[in-house]
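Here come two complexes built around chain A, the first alongside chain B, the second alongside chain C.
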Partner chain A sequence: MVIERNTRKVTKGVKKTNRKNLSDYGWAYLMIAPTILGLIVLNIWPLIQTCYLSFTKTSGFGKNQWVGLDNYIRMFSDSSVMHAVINTLEYTVISVPVGVIISLFIAVLLNSKIKGKTIYRTIYFLPMVSAPAAIAMVWRWLYSSDYGLFNYLLSLVGISGVKWLTDPNIALISVIVVGIWSTIGYNMVILLAGLQEIPKSFYEAADIDGAGPIRQFFAITFPLVSPTMFFVVVTTMISSLQVFDYIFMMIDKTNIAMEKTQSLVYLFYKYSFITNDKGYGSAIVMLLLIIILIITVVQLKLQKKWVHYQ
Partner chain B sequence: MKKSIKKFISIIAATVAVSTLVVGCGGTNSTGGGAKGDVTLTYAIWDKNQKPGMEAIAAAFHEKNPNITVNVEVTPWDQYWTKLDAGASSGTLPDVFWMHSSNFLKYANGDALMDITDKLKNSSDVNLDNFPKDLVDLYTAKGKNYAIPKDYDTIALWYNKTMFDAKGIPYPDGTWDWNKLLEVAQKLNDPANGVYGFLSPVDTQQNYYDFIYQNGGEVLSEDKKKSGYDKPETKEAMQFAVDFSQKYKVSPTVQQFADTSRDQYFESGKGAMAFFGSWMVSEFKANEYVAKNCDVAILPFGKKKATMYNGLGNAVSAKTKNPDAAWKFLEFMGTKEANAIQAEKAAAIPAFKGTEQAWIDNNKQFNVKVYPQMLEYAHIFPNSETRSKWDPLETQIFSKMWSGDISVEDGCNQMAKEMNDLLATEQ
Partner chain C sequence: MKESLKSKKIIIHGILIIGSLAMLLPFIWMIITSLKNLTESTQVPPTIIPRQFKFSNYKDVWDLLPFGRFYLNTILMLIFRILGSVFFSAMAAYAFARIKFPGKNFFFMIVLIQMMIPGQLFIIPQYNIVSKLGLLNTISALVIPGIVSAFGTFLLRQFFIGIPNELEEAAILDGCNRWQIFWKIMMPLTRSGLIALGIFTALFAWKDLMWPLIVNVSIDKMPLSSGLASLQGQYSTNFPQLMAGSMIAIWPMLLLFIIFQRQFIEGIASTGSKS
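Moving on to the complex of A and B:
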């Protein structure tokens, strides 16, 4: 008898949620429909098409010819693609840790009681608001070997003519500096939001226990901001692997540093749009997709080791 | 009550969100226009210096055909072909647009251009005999015409009069050969003040192509089946162009050119001489420094006289929504009247024979008559169907040659091989 009553309750409950289902979920689907539609039309469908294109040889306008793995075989024996992979990884490996650590440091400083906090936050966020083309133009002038500001200042202390953008060994570092500078603000704002969620009571308790600021940082701040850090690290890594605009705007086609600076997306642009070889360009971008997927999966797995969820 | 207001607001929000998505996806193509018969055409060009000239032609056309309006759109050269390629693949090309020899075959063979052979035969306003034959042939593919020549350009030697005066050297007068060019460049070279004698960058039409043909070499064989880069005459010419910066140090290096363009060097008085095409005249006219201090002369000759010449063409999209109106505009642009307007506005040297005098008269501050003068020994710009693939290779390989990473011999051989591979894929 007890069992019967229970099942009746359960079936009654199920019926109730069914009626609720339609009106709640219906509205939910309607609200997310525009984004989902946009995602499918602008992201997922082009992804499938690019995957298809990577197996074809494009000629003329839209006349594609299936060639199977030819593009991939060509890609793995192409030294410029291998260099681009190294360049892209180098860019990411340097700009992500340096960028995130600087952003965290600044976010911690701007979270404390100092005067003019809002002004500093605005200043640090400004690069995000400026147009990338304008940023590239100004930095390009700053970096100019003969007429740029940096070399002028260096010449005053006796160091002459550093070829910031035209020396194959330094050009990528110069671009990395611009890349880090322009995204500090964005990461800082997100980390700041994460920091402000940490209850002040933890710090008060630590003060009572006699912990210094550095100890407090590593014992309280870092673990509690690690979910936000994780988000920042993953998204910064993905966008670093996709670097294109600064390289395109600061490194000229005749620049001999190009081979050691061009990224995979730059090569994709070059093959798809300049030489009109969309099949090969698509194969290159599929390679990038696989690299990003592998790195992101690895990061998700490593999550458990360092991210502290409350 | 509150619940229904909330519902109402959320419906509005959702509708707005969906509609902005749809509207945002809409393109900006030429439309049929409001009233019946009113047509708006888009005319795409890449040179902002020529925009006033093109708009004047559009206005003159509009006077004759009040129901057709032409909108001139400028897209800078670097993005013009990317945009046009995308338009051709998706069937949304502008109605009328500039065509360049380097991309013509790709578009003609890709069925992106309207075949105007028959229309030209039946036209009473346009006669192809009025244009240089090489240019008309340039814009023919498989025996059919696809574009009407718009203008032609040649390359000439620009020099800084002030620098010549300061050192008491007589101006170039068309009698110079390569040795004289190098000699004067060395005299005018002034490294202490950052001034270079002759600016020699990795540039095809405005630099090494001219040297190649002056030395009797070639970039592409006449039948377009073989590359000319493995010929000794071509290699000699390339060596000459490279030596300016590497051996004689009278030109900025390729690294310096990547930071500061040749135009910038010349326009700031840091270069004594350089080769520039006739399309640069309007920019130089507007540039205070050049207008005051510089002038132009006939190119020096090598083993023989030669200059590159090329011409733009006006073409109509094969899939335009307004074929008749577009053809009418194209036809108008092939008349003497339109070419005269071009010359007047100093846009470029019009292709119509006999109209170039107006262009010369309108640019009196420079000795521009040398440009049409060189037409008699000018060589047409070499192009083939796969040019868009071997052109970037030229930039890549020759940049290394200019910086000394590879020798001229190796670079030219490598280029010849890559080019021959690509030429073999053409039909």
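Moving on to the complex of A and C:
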């Protein structure tokens, strides 16, 4: 009798949880529906489309014709695409380490006990809240070979007429400087948040042991901030590989340095929306995807060597 | 000992001030140039303080381009993008963080895939969708790709995971349904996360150049980012006017940032530490 009553209680309980679960499922699906549907329509399906388009040729009237690997074959014999790969990699290989090291340096300085931290932080972050077109225009003006401030200042020490943006050997470096300048604040803020999580007692202990600031940096700061560093390196790297705005705004179409500065995303924009060859544009951006995936895998492998998770 | 600490601080300030000057120089030069007349701007050696303040550069540029429309278009784009991405992301993030349901991992994969793929991979088909719907050169065109946010879902999920179970269990015992728990209990508790996502969304939507450049080519439908870019195309050598235009475009966001700098910086910092 007692047993029977108990089992009845249990089954009732199960039923109740079942009903609760079912209503939970309903709510869950309802709540993820807008985001998931949006992502499928705006991202997942477009991803498949772009992949498909990269095997087609866009002819007149917006018709797409299947051409197999033609776009890819054309791409590997197209010197401007190959240059763009090199330019994009060069941009990334220079701007990521230099930018991250400067950001870390500033973040470490701001993490010490000094006054005016908020003001410094605000100033370093300013480029981050400015429109890229405005940044590009003022830097173009500073770089101007005839009237620019930089060339005037250099003329005072006897160097004259540097063609910052039209000399094919310098132009990319000039753009990289702007890229680094505009992202220091962003990376610094994220690194500073990471630094602030390191317990002060670690440094006090190191002080007692007589470890100097450089020793302290490599023994305490760097290992403990390395997970944040890893995040910053990965995100900066991915956004550097997608560089477009500054090149688009600072290098004119007729600029002789174009070949040595244009990035993959710039070429993607040019082919997809200026010359309206969307098939070729898709192939270029597929190439970018493959490069990013390879670099990300390498990053994940390398992180074991230098990132310390507590 | 005290003496060395003091000199250490002076060195730190020295480095930070030099760095600050490097950060500020382009902005200062922008303001100075925007107040010069064309002849003075091309003078060698350049003048630091304009001989004659030519405020009319601002008026001239304002008349050249429909900056009023640019402001309006930008504000509308930001409002809809923020509302859409914050609201939809919060809903999805709550479900992913706090409810067990079949297929959860599969659906979360979709979120992760979007985050890992560079945005350019979506642009051509997104353009085709907007074009097929007849929405080119509209505010909707500016809003559509940002109406939902995989990054936002991921970010807010981290915030929801951090909330203790007890509150939710108590609410369930009280007979609240999932929506009530989400809306009345969870949303207020993740306020800092919602603000962070709002700021992040606004910042990146406002800085985005390629998408507005592609979808809205008619000048009175452009936001500030591409509208300003079009100024360079038309008047590429008149730097005082280009600088005045740049100032007109960036001052509202600079001012917002300076007023709410703590929220901005904490928001951005939390996107780093939560991810």
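The rule is short, and it goes like this: the second predicted complex is superposed on the first by the 268 of 310 C-alpha atoms of A that agree within 3 Å, B and C clash if a C-alpha of one lies under 4 Å from a C-alpha of the other, contacts with A are read in each partner's own complex, and residues count from 1 in each chain.
Quick note on the criterion: a contact is a pair of C-beta atoms (placed from the backbone, for glycine too) under 8 Å apart; a residue touches a chain by one contact, two chains touch by 3 or more.
All figures in this text were calculated on a predicted structure; none of them were measured in a lab.
Asker: In the overlay, answer first, second, both or neither for which of chain B and chain C A:Phe273 touches.
Answerer: both
Asker: Kindly classify A:Tyr147 by the partners it touches after superposition: chain B alone (first), chain C alone (second), both, or neither?
Answerer: In the superposed model, A:Tyr147 contacts both chain B and chain C.
Asker: In the superposed model, does chain B or chain C contact more residues of chain A?
Answerer: Partner touching more chain A residues in the overlay: C.
Asker: With the two structures laid over each other on chain A, which partner does A:Asp245 touch: chain B (first), chain C (second), both, or neither?
Answerer: After superposition on chain A, A:Asp245 lies in contact with chain C alone.
Asker: May I ask you to decide whether A:Pro34 touches chain B, chain C, both, or neither, giving the answer as first, second, both or neither?
Answerer: After superposing on A, A:Pro34 lies in contact with both chain B and chain C.
Asker: Touching A:Ile44, do we find chain B (first), chain C (second), both, or neither?
Answerer: second
Asker: Using the superposition described at the top, list the residues of chain A that contact chain B and also contact chain C.
Answerer: After superposing on chain A, chain A residues 27, 31, 34, 38, 41, 144, 146-147, 252, 273 contact both chain B and chain C.
Asker: State the interface residues of chain A toward chain B in the complex, per the touch definition above.
Answerer: These residues of chain A touch chain B: 27, 30-31, 33-34, 37-38, 41, 60-63, 140, 143-148, 163, 165-167, 251-258, 270, 273-277.
Asker: In the complex formed with chain A, which residues of chain C make contact?
Answerer: Contacts found on chain C: 9, 12-13, 15-16, 19-20, 22-27, 29-30, 33, 41-46, 88-89, 91-92, 94-96, 99-102, 104, 107, 110-111, 113-114, 116-129, 144-145, 147-150, 153, 177-179, 182, 203, 206-207, 209-210, 214, 224-226, 228-229, 231-232, 236, 239, 242-243, 246-247, 249-250, 253-254, 256-258, 261-262, 264-265, 268-273, 275.
Asker: Which residues of chain B touch chain A once you look at their complex with the stated criterion?
Answerer: Those residues of chain B that touch chain A are 10, 14, 17-18, 21, 25, 82, 85-86, 88-89, 106, 109-112, 194, 201-202, 254-260, 388-389, 392, 395-396, 399-400, 402-403, 405.
Asker: Along chain A, where are the residues that touch chain C in the complex?
Answerer: 21, 23-25, 27-29, 31-32, 34-36, 38-47, 49-50, 53, 106, 109-110, 112, 114, 116, 118, 120-135, 137-139, 141-142, 144, 146-147, 149, 152, 181, 184-186, 189-190, 192-194, 197, 228, 231-232, 238, 241-242, 244-245, 248-249, 252, 265, 268-269, 272-273, 278, 281-282, 285-286, 288-289, 292, 296
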